[in-house]
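Below are two complexes that have subunit A in common, paired first with subunit B and then with subunit C.
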Partner chain A sequence: MPVVGKSVPRKDAWDKVQGKARYVDDYSFSDILYATTVRSELAYARLNGIDTARALSMPGVKAVLTHVDVQGKNAVPLVFEDEPFLAQDYLRFHGEPVALVIAESYEEALAAAALVKVDAEPLKPVLSIREAIAENAPKIYKDDNCFSRYNIKKGDAETAMKKARHIFEREYETPYQEHAYLETNGVIAVPGLEDSMAVYGTMQCPFYVHDAVAQAIGIDRNKVRIVQTTTGGGFGGKEDFPSVVAGQAAIAAKLTGRPVKLVYKREEDIIASSKRHPGLIKMKIGTDERGKIVAAIIDYYIDGGAYSTLTPIVLWRGTVHALGPYECQDILIKSYGVATNKVPCGAYRGFGSPQVIFAGESIIDEIADELKIDPLEIRRLNGYKVGSSTATSQIIDQSCGLMETIDRAAAKADWKSKWQAPSSKKGSTRTGLGISTVYYGVGLGAGGKHLDRVATSMTIMKDGSVHCAIGNVEMGQGARTVLAQIAADALGASYEMVNVVETDTALVPDSGPTVASRTTFMSGNSLMIAAAELRPRLLHVAKDMLGETRDEDVELIDGWAFSKRNANGQRIHFKELAQKLYAYRLMPSAFGWYIAPDSSYDKDTGQGNAYFVYSYCTNIAEVEVDMETGEFQVKRITCAHDMGKAINPQQVEGQIEGGTLQGMGYATMEEIRHDANGKMLNNAFATYILPTTEDTPVIDPIIVEHAYDRGPYGAKGFGEVPLMGIAPAIANAVYNATGKRIRILPIKPEKILGLE
Partner chain B sequence: MKISLKVNGKKYTREVETNKNLLHFIREDLGLTGTKEGCGAGECGACTIIMNGKTVNSCLILAVEANGCEIETIEGEAKNGKLSKLQKAFHENHAVQCGFCTPGMILSARALLEKNAKPTVEQIKEAIEGNFCRCTGYQQIIEAVQDASGQLKKKEGLKRA
Partner chain C sequence: MINQISFFKPDSVIQACEILARENNSLPVAGGTDLIVKIRNGMFPQTTAFVDLSSLPLRFIRETDGQIEIGSGCTMTEVIENPLVCKHFPTLTKAASTVGALQIRNLATIGGNSANSSPAGDTIPAMFALEASIKIRSKSGLRTVKIDQFFTGPGKNVLQRGEIIESFLLPKRETRGVFLKLGERKAHAISKINLALATWTESGKAKFRVAMGSVAPTVIRAPEVEKLLESSSQPFSDEVIAEAASLATKAARPISDVRSSQAYRKQMAGVLMKRAMNAF
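Here is the complex of A and B:
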């Protein structure tokens, strides 16, 4: 039986339930050294000198590295290369790595690190978006404190706004979010023969790390090997940051000639690793008398922190998605990626979208409320259907399940009978319903087009087992399972016989990053290409074995070949086919190279086909609020998602449930706080609060499948989407219960009571 | 200091520094790396083990405090290469994503089922409240524990294999 569309068990779960999976800290090498990092205590300062003498004299210490020890180029290769592996000239955020102490044991490294003296002259830091964009702001990045800017100009928004019947103008703010993957960042760098370097580590993008290691120690890429170890969660937090850690460890390993382990403690991980960008969103929406959007002017700012890392591309995605899934002919969006003296922000599930979705889905609710329209109806009125034109004037030509997600979620959540206007609520305990609708461009889009290709190799082994090597990684999201399902059906093998190996850059060419909900679609398609090359060879040998004369008379499904013409029950197992394949000396391997469908983007107007396809969802949240204390409980969240095709429905549900709870954390409890000098205050799980089972509402996933004709079996990709619209759904539910509009996340009892 | 203890039914005697925590002792000195460190501060539950019948965060206990104790870790859960009911249920119900929380989660669930063979959803939630999972949203984990205790009604309307 074909396995696409079936909830087969995960490939990796067998080892994981036994504690056998090996995460980076579970590896050891003989002669290994341990590293720890000396960090900046200041948010902004001129670096005058680093005194390592006392640390070097401590027992067990092998080396103390600073920027002068970097053998290659002291710049992490991401977009702009403004971030050093180890601070040089300036300290730009509290927690920035200044030096690495390498010792025989972790404890010895730690003891010595306390003795490294950093001589720095404090400067006045810039600590928020508003400070950074103020007229007289001190300049910490170029002459405008801006890493990047984008514009989207569709039609003439200023004129259309003047003609609008109603105009709504609001401001929204969103906080940092920490990924809190349960396994912290970490790597082991192992020097090899002929000046080669291998790095083992927890990561999403082995080929980013590959670039970083080559650049940090100045060796050719063909001498670098990156092995992704079983990865304990990523969510974007292991996209850019492992490049920093791996580069540093490689510098240390090259210098000492011994393996170096650099695995973070939780406090370090939170203080140093990238976060979701805080956002400031200014929305101005004009509508006609029925609530149809006729003009939109949006200013979107994100706080990039001290270095640009991925800010330019995070900002691009947020800019494109800023209005949400709503038709409008006249749009002006301006966006700014701002520099501050805080931890650099990077990728986090949603990538610049959850901020604008909070704003957009809140304001549409405000519009519905003022115009006395059902919040669901205003979305039906304005939302995308096949044929709609997006903010970048792209025509949605297929695979648009937005309306069905609204209908299905509404039916399941019983919206019709349960939803009442806030004015009708009474009593000290009130319930409310809130909705959000979301669309999301799958893959890297026009902004990252040059990286949007993927490679796969597929080999049929002599015993009929199938070996697939892919450049995208498993990090818990289920890639190895879903891809094995696609490979099995495409080839005609059984699921059990297909193995998708963990990623090792020595085995596969650069497939681009494991981000942007692209893996199922991109790697899935490349496997289909490889399978399409191998399958005819299998049919060819099967034909002879079955005594047929034409290949097309043979069928191969789920590991068995049989004749289509002759239903005599004769069938041949994959294993025998494989043996014959080798006996015929037909090539048992194939390579799948897949390039994403085209996308485009005009630099000045932002117009074009921003992404090749979009995924959609509707969330409906139900809350209960105690009007005296402001305490609230999220009771239920119904989430209907159109991902094209659910290759593994139970995994899809797992992504929906997990993403939804992360979104609920973002909505109601998670935030990073800094003091007036820019010191991070809550870099621990005791103070950075995460949802536990006791906070968890009932999450009700609904699968909607509007197939995409270029997707593997119709699949689009959607791993990020479940998080993205949860915050506004809850904020809208809180408003519906209480009449109190929360425009600054997270939603807290004090804010509901109007005390904050 | 010299300590003796039983881990998964096997007796170990080891010399250990007095300031080493039990988590590091189990992982480094005994080489049982199934028990994980997520925070080192008693917040996340990744390091959960069973000590004298009770679940504890092994990162909060000194190795020397475990002298004379009986300890169970994830490595002792499967017997003779056969997965336990809980492990099977986690495997079949997709209660595992990245897997980093899984060993601690399974031990917390196991301690619950030993006391209470048919726990309610509320009791399951309470038993694993100290175990963070950032991936799953807990629902499939709760379902796995229900399944292991013979109480899972498959959700209606969903396509399940």
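Here is the complex of A and C:
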């Protein structure tokens, strides 16, 4: 493998560091119009009317669109289709789009937008999980305020709990998290001939956007083309939401017959786009006298906000992962995705699992503390090994590096000599160590398996360069680079000759979303399929050129073909092979279509092979707490990750560093606040506090490779995992330093001192 | 209508004052680090004109009869790097160096910090502790206001239409001091609470000034603490330090807001006081 496993430079790095990369707002079209959005000022109201007359009379204004102008179906196509492109009948959250103002300039659109009058009759909003599930709660969604619910029943948890030696019961709460990608949401919709529509924009899931645009303007999918522009970060925040923006822009472009740019300001991006779901987790864990888990009963609630969007699938992943990577024969997990009158929540790196991981990894630490067991040992005792049975009774049959991640992280962080019980800590500055262990089902799993396939188109050009179109996107995570590495080695081309281009729905069929840490695994596999089809053709021409008789007598590696029996003899460059390929009139293109390994799920019991493979990690956080101010510094986080195979170790480390810092923000400072009427209070970076480089701890990444036999070169997927277990590692470290257990994130000095 | 804002770049301080007096709803702009954010957020929608102060001769730090005068147009970086300030007023140097982060400090002015009049403005407690006066210029002349007479509420001060801050006058003496701040993160953090302490010797006696921010509608001094310190012998005993801390906590009258709670701020007033004293 000449490039797989090597830290080759990123394909997109040079342009990005030089500022050459162009994001959607950098593009224009002649005759372009600008759109801005009129938003609901109320969290919940009956919509009686929208007066657009004054706005329409303003200079430069071309149109003011409301729900009546939606040419297709006024519903964003996701799971339940309950979210309209533009509000109709009701306003369901503060910031919901009500109307679009289209004008010759952005400034003119803004000025007119202030004059659109929304006539709405306020209703009493439901603003939290606890309010939504209260018995006498007003009903804002069906008769139980519940978008979806799941059960996992393994064995008999109630009976096992009765027999447990120790029972631990705790409640944990987690806040919103805003993605804070550098590039806000934005698109340009460009109407074409014969009623076609092209949309350019920043996004994670061009095929979701394809569905949305076709549905919004009511045209066939073969007239819709979605082109992903260089995307300045997603983290899950550009999974479902670009469908809303693109649908709206397409409606406006179709109506006016001109290109329409709709790019969000930061404040409206924060107020209107999806977030991580707030969570409420009730844990009840029974153990034997040694701390072995014998029963688990878990209730998990997430705040879905005003529309269901991705809540059902986010909830499913969280439900499956609710106990963490621990063996237990008797488990009962019940989960609820509830409706409130707040911004709809969606995907965010970890997808419903950081919430339960915070709860699970905190309670296991609490158990260890009460039973006086080293927090590391309790994880060794209960954690998954090959042969373990998961909460859904899936047997982990391979590629399980959890124990090795514990060992390697512990060694690197010097756990043995540094860890001491909280009772031994003294003084006004105290240090603490905290650990978390995490497992993560790669890909869409049984919950989304109908979408779990991807396409690739691979073409060897006449000059020997290789063009690959893929169905997953580059959004800064390094997909184009890693996939080029896989394609190069699979084909025998050199890395430099392979170009994996940004996603365009005109190039490959629907490949599902770019989520769930699935891209390296899924697109990697589909590239390998395409390469496997093309490679024999190359060997065939190489054989003739080398004067061999059989195809299997030649080898092709890193852009050169040579005879196996004479490896140091004549070599033929890929470019010459390509020319010959064309001269022989052999098909220079191939399609890869990869279907994920099977997974299964029983609707009533939740039992089955939930995901085809799991990734694992151990985080060890080291904190220093100022006992007088409650301020603390995260000094170091050691993170050992099993991702099967690091196709590009430097990018793996990059993912670990970025994800860890994002997890630290979630743990220590980030939260969204609303007032008593449901108005979001901190929709700007002055008030939504993110960590800066000055807050960044030393991050110590460790790569552990337990290969997965179906992965491309053994790779699984792991992009989300670095964020997921950071919060409990820090909370456990804070407890270890101070003896103060924080069960509601974020961990703040005020909470440590009990002065909220 | 679209908000059209005129932009004036006057040639002299007097001309700036004239334009500000003449143009209804005009605002002076220095570094713009407060103002531009506020305008973008829809505050001051009536604004019709900006008067740019950044190229006026307001960027000086000089000695004038027993005082050190700091021009309002000095950026935080200029203040931090100035040897006169560093030698005489370490409290101010420290306060200015906690503002925002480097990019902000290169733009943000010392005049803008006071004129903006946030109770959390970081250089303000230092100005209190150093007994600064503010020289206010208008087209009809000059007036000087003591710093503790300047602020009238959050975001409010005694400046009238057509008036700008020309400079800060600080009595020239060698002081020692500290500035302490608690924020939500390590950089770009608005103070949850801050505290400045300055001390110097006057006629053989130690003088102390203590001021705190974000604990009241304006920055406040803690005169009881100052009295206690001035009447106690140094090095301070643990009892005096504890007493000073408890007086600082009593002096603080904070509220709860998005950044922190009342209870935390009150307790931290004492902690910062203690730390300030221990920093000597």
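By our rule, the second predicted complex is superposed on the first by the 753 of 756 C-alpha atoms of A that agree within 3 Å, B and C clash if a C-alpha of one lies under 4 Å from a C-alpha of the other, contacts with A are read in each partner's own complex, and residues count from 1 in each chain.
Here is the rule we use: a residue touches a chain if its C-beta (ideal position, glycine included) is under 8 Å from a C-beta of that chain, and two chains touch if they have at least 3 such contacts.
Only a predicted model underlies this, so the values are computations on that prediction, with no experimental measurement involved.
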| Given the superposition on subunit A, are subunit B and subunit C in a clash or a fit? | fit
| task | Scan A:L681 for contacts with subunit B and subunit C and give back first, second, both or neither. | result | second
| request: Between the centres of subunit B and subunit C, viewed from subunit A's Cα centre, what angle do you get? Round it to the nearest 10 degrees, please. | output: 40
| said: Between subunit B and subunit C, whom does A:T629 touch in the aligned arrangement: first, second, both, or neither? | reply: second
| said: With both structures fitted on chain A, tell me whether subunit B or subunit C touches more of subunit A's residues. | reply: B
| Which superposed partner A:E750 touches (first subunit B, second subunit C, both, neither) | second
| message | In the overlaid three-chain picture, which partner chain does A:R673 touch, first (subunit B) or second (subunit C), both, or neither? | response | second
| query | Given the touch rule stated above, what does A:Q650 touch, subunit B (first), subunit C (second), both, or neither? | reply | first
| Which partner does A:T692 reach: the first (subunit B), the second (subunit C), both, or neither? | both
| query | In the superposed arrangement, which partner chain does A:A111 touch: subunit B (first), subunit C (second), both, or neither? | reply | second
| said: Quick check on the superposed pair: does A:T660 touch subunit B, subunit C, both, or neither? Answer first, second, both or neither. | reply: first
| said: To be precise, I mean the smallest distance between any C-alpha of subunit B and any C-alpha of subunit C in the superposed model; what is it in Å? | reply: 5
| Overlap of the subunit B and subunit C footprints on subunit A, residue-wise? | 684, 686, 690, 692-694
| field | Of subunit C, residues touching subunit A in the complex | value | 1-3, 37, 41, 101, 182, 184-190, 258, 260-261, 263-264, 267-268, 271
| Interfacial residue positions of subunit B with respect to subunit A in the complex | 27, 32-41, 43-44, 46, 73-75, 77-78, 83, 87, 90-94, 96-103, 106, 124-126, 128-130, 132-140, 142, 158-161
| Where on subunit A is subunit C touching in the complex? | 59, 107-108, 111, 267, 628-631, 669, 673, 681-682, 684, 686-687, 689-695, 749-750, 753, 755-756
| message | Applying the document's contact rule, which stretches of subunit A touch subunit B when the two form their complex? | response | 5-10, 12-23, 25-26, 179-184, 230-233, 235, 265-266, 475-478, 646, 649-651, 653-654, 656-662, 684-686, 690, 692-694, 696, 699, 701, 703
